[in-house]
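Below are structures written as structure tokens.
There are two complexes below, and they share chain A, which is joined by chain B in the first and by chain C in the second.
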Partner chain A sequence: MTQHMDAAAEVATTTLSHINVPPAQTWNYLRINDIKMELPTPKVAGDVYAGLPQLFGKVEVGLGDEAVRWIVSSAGDSNFYEVKASEARTVVVDIDAATGDACDTGVLVRTGAKATIVTFAHGGAEGSSSASLLRVVAEADAEVSIVEIVAHDGGQHLDGVGIDAGERAQIEMRQYALGGSRVAVGLACNLAGNKSRFTLDSRYLAQGSEILDVNHVVRQRGRNTRADIVTTGILADSARKTMRETIDLIHGAKFAEGSEIETVLVTGDDVVNKTLPVILCDEEDVAGNHGASIGAISPEQLSFLGARGLSEEAAEQLFARALFDDAVIHAGNDDACSAVLARAATVLGAEVARDIAEVLGVEPKEA
Partner chain B sequence: MAEATETTRKRSQVADVDRSLYDFKYSEEGFERYADGLSTDIVRAISEKKDEPQWMLDMRLKALAIYEEMEMPANWGPSIEMLDLNHISAYVSPKTKQASSWDEVPEDIKNTFERLGIPEAERESLAGVGAQYDSEIVYHNMRAEVADQGVIYTTIEDALHDPELEPIVHEYFGKLIPMRDHKFAALHYAVWSGGSFVYVPEGVTLPYPLQSYFRLNAQGAGQFEHTLIIVEPGADLHFIEGCSAPKYYEANLHAGAVELFVKDNARLRYSTIENWSKNMFNLNTKRATVGADAKMEWVSGSFGSHVSYLYPTTIMQGARSTCEFTGITFAGATQDLDTGCKVILNGPDTTASVDTKSISKDGGINTFRSSIVVGRKADRARATVSCASLMLDDFSRSDTIPAMDVRNGSASVGHEATIGRISDDTILYLMSRGCSEAEARTMVVNGFADPVSKELPMEYAIEMNNLIKLEMEGAIG
Partner chain C sequence: MSDQLLTISGLSAGTEDTPILHDINLSIGAGETHVLMGPNGAGKSTLGHVIMGDPVFQVTGGSIMFDGQDVTDKGADKRSLAGIFLSYQAPVEVPGVPLYSFLRTICQMRPELKTTARKFRARVGEIADQLDIDQSFLTRELNVGFSGGEKKKIEMLQLLLLRPKLAILDETDSGLDVDALSIVSKAIEAYRADCDGALLMITHNTRILERLSVDHTHVMVRGNLVADGPASLIDDIDSNGFARFENELAQKGVE
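What follows is the complex of A and B.
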């Protein structure tokens, strides 16, 4: 971490040089091993804020330690939630970039409890910076559903998630990266308990000159653990995206299975799409597989759609709309839903956004 | 140093293998051996001994300075801590001149290559052979009918002394692999010795492969051969590279370089069976550039070495060029093999296909590392990467680290990888039909490797199966 002063704006900034570093790196000249971001220096010297219980300090976060320290320093008081054994609770984290928000959230989900966690970041504009850090400890038999939405119109955003899963804990996660000038999303899930399970459905749209940087890490330590990661996204215009996905089958994780699939639809001529799908295997009785498919809509598919009156542009917009439809359906919270629709209005137009709301029976809140 | 026992055994059949096929050694007595370590004096001495043109000496000295300045990457790759260049001799040469008849080769060196089956292969199925022993080529020959077509197959050193060939070497040498490519590429250019120069004229198709075999007999030594192949438009060549060494407890180093120029409409198949001993640090660099409508085929079998960094690279500059990479890596006890490939698709309508297998056992570490880079001008480029890894026990390791960088909207890139074990059902099925467990496992592994072995000429496929059988010995119980 290096700090310096922006003379023009007289804002002290901090450079985080190694965000989203995957467990196994590769050739440095590919510039795929990390992302660098310049962010406002936290103004916390001499201040004392409420931190999370020490338990959360051990939870690995996909963004990496450097970014975690920055978010914790920027966030002020942390927010700790305990979902007691056999109870059910919803936790909503609203990150409004318009106010330079940074949130540090810890959720302890006790044995057999059910938690629904929604984090959504919105309101970003050029020059803004925001961040969210969510750490979850799921005890045995806990069921956790997480929805993570980043729906900025501009600005920088860091979104980190770390999850520790106990025996038979089930973690279901949906991740939507819908916009932001420079967004880093880093997720790590530690399947420590036997028979714990993690499923991730990750969707993204990057357009214009947006930069999206993603790091997904799943450590499979327990026996009979399962990890399924499905990522689909659209890259338009001259957007740049880096996707790192790691399944780490650690010694002792007998009968573990890990799978990762990424499908990228490229609709822009100047996009840069980087993908690093990694499997690390230190155990014999396991199965790991990954697949990636990157390309445009094929001429055959376009011809098929054309015969039904759909131009290439209309077809591509349909794909983008489907992504927003899905985000609205799974947002799980009215405010989060409104944030998605606001972003849809920017990307697809106000009319389409209204149509999505109408078709899905959602009433967006006034901005 | 133990003398090799006389034996008539050669690599030929699966039933007829033991480690003595590769793991025998002869005395270095009477050899010229430069002091261990690296210095300007050593680099100058190598150049002087070869009576090189000034530009080559300048290149060597510049490379040495770069080597001393560069660092190995700290964030990826196997450890090479045990490799101490202060205990490696950069140049060891037998006291013999290069021969064009095996009868002229000193007896112990001839025995070495006889046991490796090289003269026999030359008689039966090769268009030409080069054999390097430590730092120098000791034998070089090519069939007359191939030479009559204008094919040139000689050493880099001889080419440098030929007024007609020297400008060609000057034009191509070091152009594909820059000396700043990595630390050991710089080292290579500082102390290179031996290797082959191949020139296939326009439209010429060689009916049989050419083969270069590299044997490192000396302990605590490095081998730094340079292979330069130019396949002119419409020409066709299959080049085979073999390498082996006896095992010592002292580290040996292989840092060769292979530069391949495949011009428009040409085809080059480059096959390698690498069986270095398990004290070898193999930091070899191979690179090809491919012209329009040309085809580059790599077939690679990596079985030896203590540590390997090996990623043959294909730069597909020409439109409609194609690249196929078929590889297998077998990592056993004490081995940490980081292998794979790089493909750069720059031309429109280029096609690349990568198919690799890896097997890990007895604590061996296998890392498949690749990169597919699709450039902005590679309209409609297509690339597929498939890698499958087999784990034969629970204390070995297998990692796959494939990177993709796509910068063209009309390109299509696919990737798939699987890691798993041999199912108990398969072993049980084979055992119920009379196989022992060891035989059953070896059969499955051979079947797993079949897509690679079928790409090799018969006798090399047999050698590869031999190596698999050798590696599988003692896998059970």
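What follows is the complex of A and C.
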């Protein structure tokens, strides 16, 4: 179950470090190896909580041990879901920063089962904090679809995801980081089983003085595994973003292929954008690819969009709207849609948010 | 004689290094259908892009008047909003932008097309059905992963949605199978019937013209407009090719 924290009251805080440390670090002076966050100290004394089965303790999470321990302690009770063999189930995790939610969730997807997991963090305002930890164990032939949404107007958020994939397991994930004063997102996927596959479509928007810190790690252990990470984002004003993407082709992962592509649209003059793409390779018969495009909209796209009536400024607005449209299209849950639309109202204006909802046929719930 | 919608006078243009179009004179009346033909590399697509205002090309002489205003120095976005539409031979992929977002945005840019979300959805759905486009395409990223035929259908969807005064179709028929060609032809016919818009068809394939009543045919060779004629000129070119136009140009000393 979720532990609620009273953000209004004076609370002791803990400074967490080593939150999003990449497997292969670089020079410290680049300040890309880590992010620190000051969060409320968990109140755990004297209470006994229901933790997840030990199986989940072995699942690597992109956030780092200290941050994982903090979320587990803050959450108190955990939520465990088992999707039985050949069954299909949807799991929704609602993280409300207004009540200081911290959620610890474990999902065991048995052989051949299908699971859709939606986590969405919302309600963040200055001074608030929230957190989510999602660990997934996907057995052989399991199909898992994960949508992770962070849609705060302010405040801090810590979000960790860890996935273990068995043989032929298919993991599709969409990640939307749409706002929050200081947001850290850490994801690790372990493609342990042969022919397992992981696709990640990660999108983000950071504006004002927001800080977004991301760590994506894919360990390819099994033979013939595939990992495709596509990241697209928009950075405006004086936003700061750090993105670490690591594909680790481990010894024995013969014929494995991994690729990571990032496209960043920078619209602010004071933006700080850091990217650390790494492909680690300890096997000969593998393929690892990395590509990045950082800056403005490409001349070809601008020309095409211009021929449809869009100036460069209008094209940039289209990209921002498109991010929210896409999140609504794929949210897979009415409450998650409402959270995205609430954030869209802040970023794009209430009229545009209403238009997104009406064009896509969604009825947002009142906040 | 209808009013002139587009008047190109003495237009020369090219890339930074290479002149491509030479002293082009061309007029298209409102509601007329013109066909532009020529051998590969003649500059037909360049002319389409220059009319649209593609910044890749620079105008080095002459003028382009559209609907009573000089648009020679205007950007592509202004020309589009004024009523010029260019269907791309190879539509550009725009990752991160769902088709629905794109269509809604380009419609809302135009005061004459602004409408409620409900009516917009209904209109897009109607055109998608007309073009045999699966509704699921509307939530996919613009042109990303689409086949050549699908991209052309999406171009036609934009044409019917935007209802421009002048549509320049740059080899819209290229790479289409028989069924897709039939659908695209019907879309062009619908554009003519519903919008009474003018057309400048750049094509090598006369089959796409079968359903249309062509008013004028133009022939371009090596960046020069070398012949104008009625619809019957298309049959002449079909039978005899472009050799005589190339020879005539050579006799005039144009390399």
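Following the convention adopted for this analysis, the second predicted complex is superposed on the first by the 341 of 367 C-alpha atoms of A that agree within 3 Å, B and C clash if a C-alpha of one lies under 4 Å from a C-alpha of the other, contacts with A are read in each partner's own complex, and residues count from 1 in each chain.
Here, a residue touches a chain if its C-beta (ideal position, glycine included) is under 8 Å from a C-beta of that chain, and two chains touch if they have at least 3 such contacts.
Predicted, not measured: the structure shown is a model, and the values here were computed from it.
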Report task. Using the touch definition from the top, say if A:A188 reaches chain B (first), chain C (second), both or neither. Result -> neither
Requested in this report: In the overlay, answer first, second, both or neither for which of chain B and chain C A:L280 touches.
Outcome: first
Requested in this report: Could you tell me if A:I19 is touching chain B, chain C, both of them or neither one (first, second, both, neither)?
Outcome: neither
Requested in this report: Could you look at A:G268 and tell me whether it touches chain B, chain C, both or neither (first, second, both, neither)?
Outcome: first
Requested in this report: Applying the touch criterion given at the start, work out whether A:H290 contacts chain B, chain C, both or neither, answering first, second, both or neither.
Outcome: first
Requested in this report: May I ask you to name which of chain B and chain C touches more residues of chain A?
Outcome: B
Query raised in the report: Does the superposition put A:N28 against chain B (first), chain C (second), both, or neither?
Result: first
Report summary line: In the complex, the residues of chain A that touch chain C are 203, 230, 232, 263, 299-311, 314, 317-319, 321-323, 325-326, 329, 355, 358-361
Report task. Enumerate the contact residues on chain C facing chain A in the complex. Result -> 52-56, 75-77, 80-81, 85-86, 88, 91-92, 94-98, 100-102, 104-106, 108-110, 116-118, 120-121, 139, 158, 162
Query - chain A to chain B touching residues, read off their complex - result: 24-28, 30, 32-33, 249, 251, 254, 266-296
Query raised in the report: If you look only at chain B, which of its residues touch chain A in the complex?
Result: 73, 75-76, 369, 371, 373, 376, 389, 391-421
